[in-house]
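These are the structures in question, set out in turn.
Shared chain: chain A. Partners: chain B in the first complex, chain C in the second.
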Partner chain A sequence: MYGKGIIKGLGVTLKRFADTYLDDIQWWGRRYYKAEGIAHRSSKDTRGVFTVQYPEEKLPVPEEFRYVPFLVYDDGTDGGKEVRCTSCGICAKVCPPQCIWIVRSNDPQTGRPIPEPTEFFIDADICMNCGFCAEYCPFDAIIMDHDYEIASYQRNVFNMQQLLKPASYYKSIRPLNYQRNDEERRAKEAAKAAKAGAAS
Partner chain B sequence: MTTLVETETLDLAARFPGSAAADTRPGYSDWIVNKDKLVEVATTLRDEFGYDLLSHVTGVDYFPDKMEVVYEAFKTTGGPGVLFKVQVPRVDPIEVPSVTPIWPGAEFQEREIWDLYGIKFTNHPDLRRILMWEGFEGHPLRKDWHEPFYEEDFKPLKSRWPDGKYVSSEDKNPYKDNLQFPQNFDPEKVKIDGEAPLYDTLQKYTTVDGGIKTDHIIVNMGPQHPSTHGVFRAAVVLDGETIVSLKPVMGYLHRNHEKIGERNTFLQNMPYTDRLDYFNSMSNNWGYSLAVEKLMNIKVAERAEYLRVIMAELSRIQNHLILIGMLLNDLGAYFTPALYAFEERELILDIFEATSGTRMMCNYHRFGGVSRDLPEGVLEKIRGLVEDRLPRKADEFDRLLTENEIFISRMKGVKVMDAEDAVKYSITGPVLRAAGVPYDVRRAQPYGIYDRFDFDVALRHNGDLYDNYLIRLDEIRQSIRILQQAVKQMPEGPINSQKPQYQVRVPAGEAYGRIEAPKGELGYYVISTGKPNPWRYHVRAPSFINITALEKMCVGKKIADFVVILGVLDIVLGELDR
Partner chain C sequence: MTDNKELNSPGYEIPEDLQHAVSITTIDRLYNWGRRWSVWPMMFGLACCAIEMIAAQAARYDLARFGMEVMRPSPRQSDLMIVAGTVTKKMIPAIVRLYNQMPEPKYVVAMGACASGGGPFKEGYNVVAGVDKFVPVDVYIPGCPPTPQALTAGLMKLQEKIDKESIRKVRWYQKGADSVELPIPVLGPDLMDPRRYNEIKMLAAKPAEPATESKA
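Up next, the complex of A and B:
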């Protein structure tokens, strides 16, 4: 019969239409604007329309999600900021679009370089969010951020003041990574202390 | 599963004494052919040895003394290819005979070499610039050509560290813009008509019938046209609604990817490959890592091999879903099928995001493995998709479209290409298989661990639009089969066989890594000189080479069919223009 295929196809759209409302009824009051509803709508079992109404609703980002990086500082004992970066320059060297600029500090007396950056720029307009800087940083000093709402009317060239964020923020967005890095650091420090103890 | 074995040993030096010699440079292989004998050698390779599919043609600039043109041909029955090169002194005018009469698929690639390297191909039917515009000064891939924001030949740039005071790139250019003029350029005096050479190549006609004079009409489809899914233009000569002649115009998205690639270090190229075919960054990464791993001569960690297969096949599924959805959009079904296709894609991209960190620009592969292991729960998600959701989806598309009479009457019998022409024009991927040639790199020359899986090469025989649609559904089903096996077999273990290092040591030599990308054979031809940066980084982009036969496909059909043919060809402009 001519038209059978069309009717079959329309059956699919009709089923979709019904599914959307059936899923709404099944998940009454929980499907929208709730974390469990969003999780349901991005699982394989969801039926019907599963649009997420951005910006009223936002999809949670997974831990590995990467966006323009930031610099990590630890809270110092005197309340100051202990910047983890040692200005070794690996991130600037590995950066594919070369959007990282680092000014290394020199000791004012001896003129020799000290492990601390004077200035640190990231041109976020050029940054391609590849994550190499964070991946190859030996000190976990530069981390990919989760904040993706950075559109602006100007060019986004971030300096060190704008880039610095506390280690607690790092912990809050990437708990598993933070824990892993922390354990590694502790193990390294313990090994160093043991070595120093053995030497003396 | 059968693996094809090379039965005949190929010795070009014995066959052509004096005009073909083995390439003995360290790390290089195969043959160097005398320029005058090139056409003869190529004909022999095609007709006697059966290398019927010319995979890629590219140039290499061995600054300062010579230029090289590299050809690689494969057999459609499978097995390794033959690589042969022509060397010419680097003094203008550089001339090499064209192989377009032997393999018509070389036409656009030779135009590209002329455009970017300034090597003239004698006997070429239509040697114009292809990616740059008429009147462009210089040939950008030559090593002595410098771009407006030029700083140094190789990254990392010295201005970034240890004294990296930020300066914006535009400020370094005298025009404060991405502009560069030749010396003594006076815009008042120069008048370039870039369109005239294009329109000259179109076949025109005037007929007088019963005292009524009929003239041709030239229509420009694009550059801004919804059917092209980007900025692509075709100049078309029409007779009523029928296409008489057609020339594609491209390069609107050209950024000289290969020049950028030669400035980058080996690792830095990885995220750039994402941006070629931006739907399938997972497979783009693979081709490049294959080539570099071949050069470095390293093995890939076992678990990483499985992760690569899983990601590449998921990527193929979402690519084909989008293709079908957007094809229906082009056909006038508006957005319903397109959005149905986007749903499963969304679920697949969630997996990419959770694993690699980004939905589309995944940057997932590293030399020797992958960058991250699957986070907790993601393997379960993949299993749910491939066992349950995706097979259901393929069936749903079947019900939605496959028997639809309007769809069938529009698609069936509109022939895109027959098998013989498709091979001649170097077409690869689903379009070639829909024409009836069972050529799939995963089987023809298995890479990674594809020899371990049980799957069929999807094949259709008519080569019309309808078959081109059906083969996409077939491929989705075969990919699901591969995924089901891969998810079951995946072992535990490390995800990289190498130590993480931000600058890899790559021994000197050449390598060609190719994979079966969703759009066709995607290959990377990489030359290393032992330094941190590649000397040559060439992308064999399936979109670009499949488009070579566009005129052949469209002539004699209705202008409305052009939109659908472009739709099933599955071009992505990020890869086509590079």
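Up next, the complex of A and C:
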């Protein structure tokens, strides 16, 4: 029979239309602007079609969501920032579009390089959010961010002040990654201490 | 979700008993409020960012909530050009021409890394390193590509910009030409900007100096 496909297709549309309202009634008053409603709508059990009321409610992003990277710093003992970056330059080398620029620092007395960047630039207008820098960083110093609301009125070239974010922020956006990295770091430090102890 | 609080507070105190009967606003605020909720974008996509733009436009993210639902298929009817994607040297003359054809007020949003700075193709032989070299860009949205929510955030940023405009200062009510007419770049092995013709001519006329040439 001709036209069967059309009727079938329209039936699918009609079903979704009906489902939307059925789900709305079932979740009356809880579906929009509420955390549990958003969680339900992001799950596989949701039915029908709906609009994300963006500025008021935001879809939760998955942990591995990647946006423009940021630099991690640990809180120092004297309240200062202990930047994890050692300006080794691996991220700048692996970056496919080459959007990372690091200014290395030297000891003013001896003139020898010290493991700390003086400046760190990421050109967000080139960055393609591939995450290679975070993947290759041996110190977990550069991490992909979750904050996507960074539109601005001028070109987005971020310097170190804008890029530095605390380790607690890293923990809040990527708890599983943070835990894994933290364990690895501890294990490495313990192994190093044991080796030093054995040598002496 | 229109918030009229700011619209109703132009700095004059309304007495308590008149608050639900009287409303005072300024022409500027009314004008900007009207414009900010009816920005019509042009139906114009270039690369993968266009897919995200379509997603933002469709039912799930629904730009209609911001009065941006009508994607105009003609530049003559649109206020906003979302440059969504990689701009090749072959495409930029067309983009500038489309920009010239748009009536005032007109805005440009560079969506994604490619449009705002060239992106991964910045060093490429065929890509314009940032559309702002040829058309004035109002909002830059980084990301590759920006998610629909990031695009919406960028468009809200544009709305904030519209809010700050004053009817007395906007360029389309000034004396003189109605609209800015940008020179259309000439397609060639190296894209030429007609605004820099004099500069290019001067450089070409200058006798070759070996010392400066080695520096450049």
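By our rule, the second predicted complex is superposed on the first by the 186 of 200 C-alpha atoms of A that agree within 3 Å, B and C clash if a C-alpha of one lies under 4 Å from a C-alpha of the other, contacts with A are read in each partner's own complex, and residues count from 1 in each chain.
Simple rule for what comes next: a residue touches a chain if its C-beta (ideal position, glycine included) is under 8 Å from a C-beta of that chain, and two chains touch if they have at least 3 such contacts.
Note that the coordinates shown come from a computational prediction; the quantities given were computed from them, not determined experimentally.
After overlaying the two complexes on the shared chain, residue contacts for A:Val68 are found with chain C alone; chain B is out of touch. In the overlay built on the shared chain, the residue A:Asp123 is in contact with chain B and with chain C. Of the two partner chains placed around the shared chain by superposition, neither chain B nor chain C is touched by A:Ala187. In the overlay built on the shared chain, the residue A:Tyr153 is in contact with chain C alone; chain B does not reach it. Chain A is touched at more residues by one of its partners, and among chain B and chain C that partner is B. In the superposition on chain A, contact of A:Glu56 is made with chain C only, not with chain B. Residue contacts after overlaying the shared chain place A:Pro96 against chain B and chain C alike. Residues 50, 96, 123, 128-130, 155 of chain A lie at the contact with chain B in one complex and at the contact with chain C in the other. Chain contact summary for the complex, chain A toward chain C: residues 49-56, 58-59, 67-68, 96-97, 123-130, 148-156.
Contact residues on chain B toward chain A in their complex (touch as defined above): 155-157, 159-166, 168, 264-265, 267-272, 336, 340, 343, 346-347, 350, 353-358, 361, 363, 371-372, 375, 381, 384-385, 388-389, 396, 399-408, 500, 502-503.
By the touch criterion given at the top, residues 1, 59-62, 65, 113, 116-122, 130, 132, 138-144, 146-150, 152-154, 156-157, 161 of chain C touch chain A in their complex. Partner chain B is touched in their complex by these residues of chain A: 2-6, 8-9, 11-13, 16, 42-44, 50, 61-66, 87, 89-90, 92-96, 98, 100-104, 113, 119, 121, 123, 128-132, 135-136, 144, 155, 157, 176.
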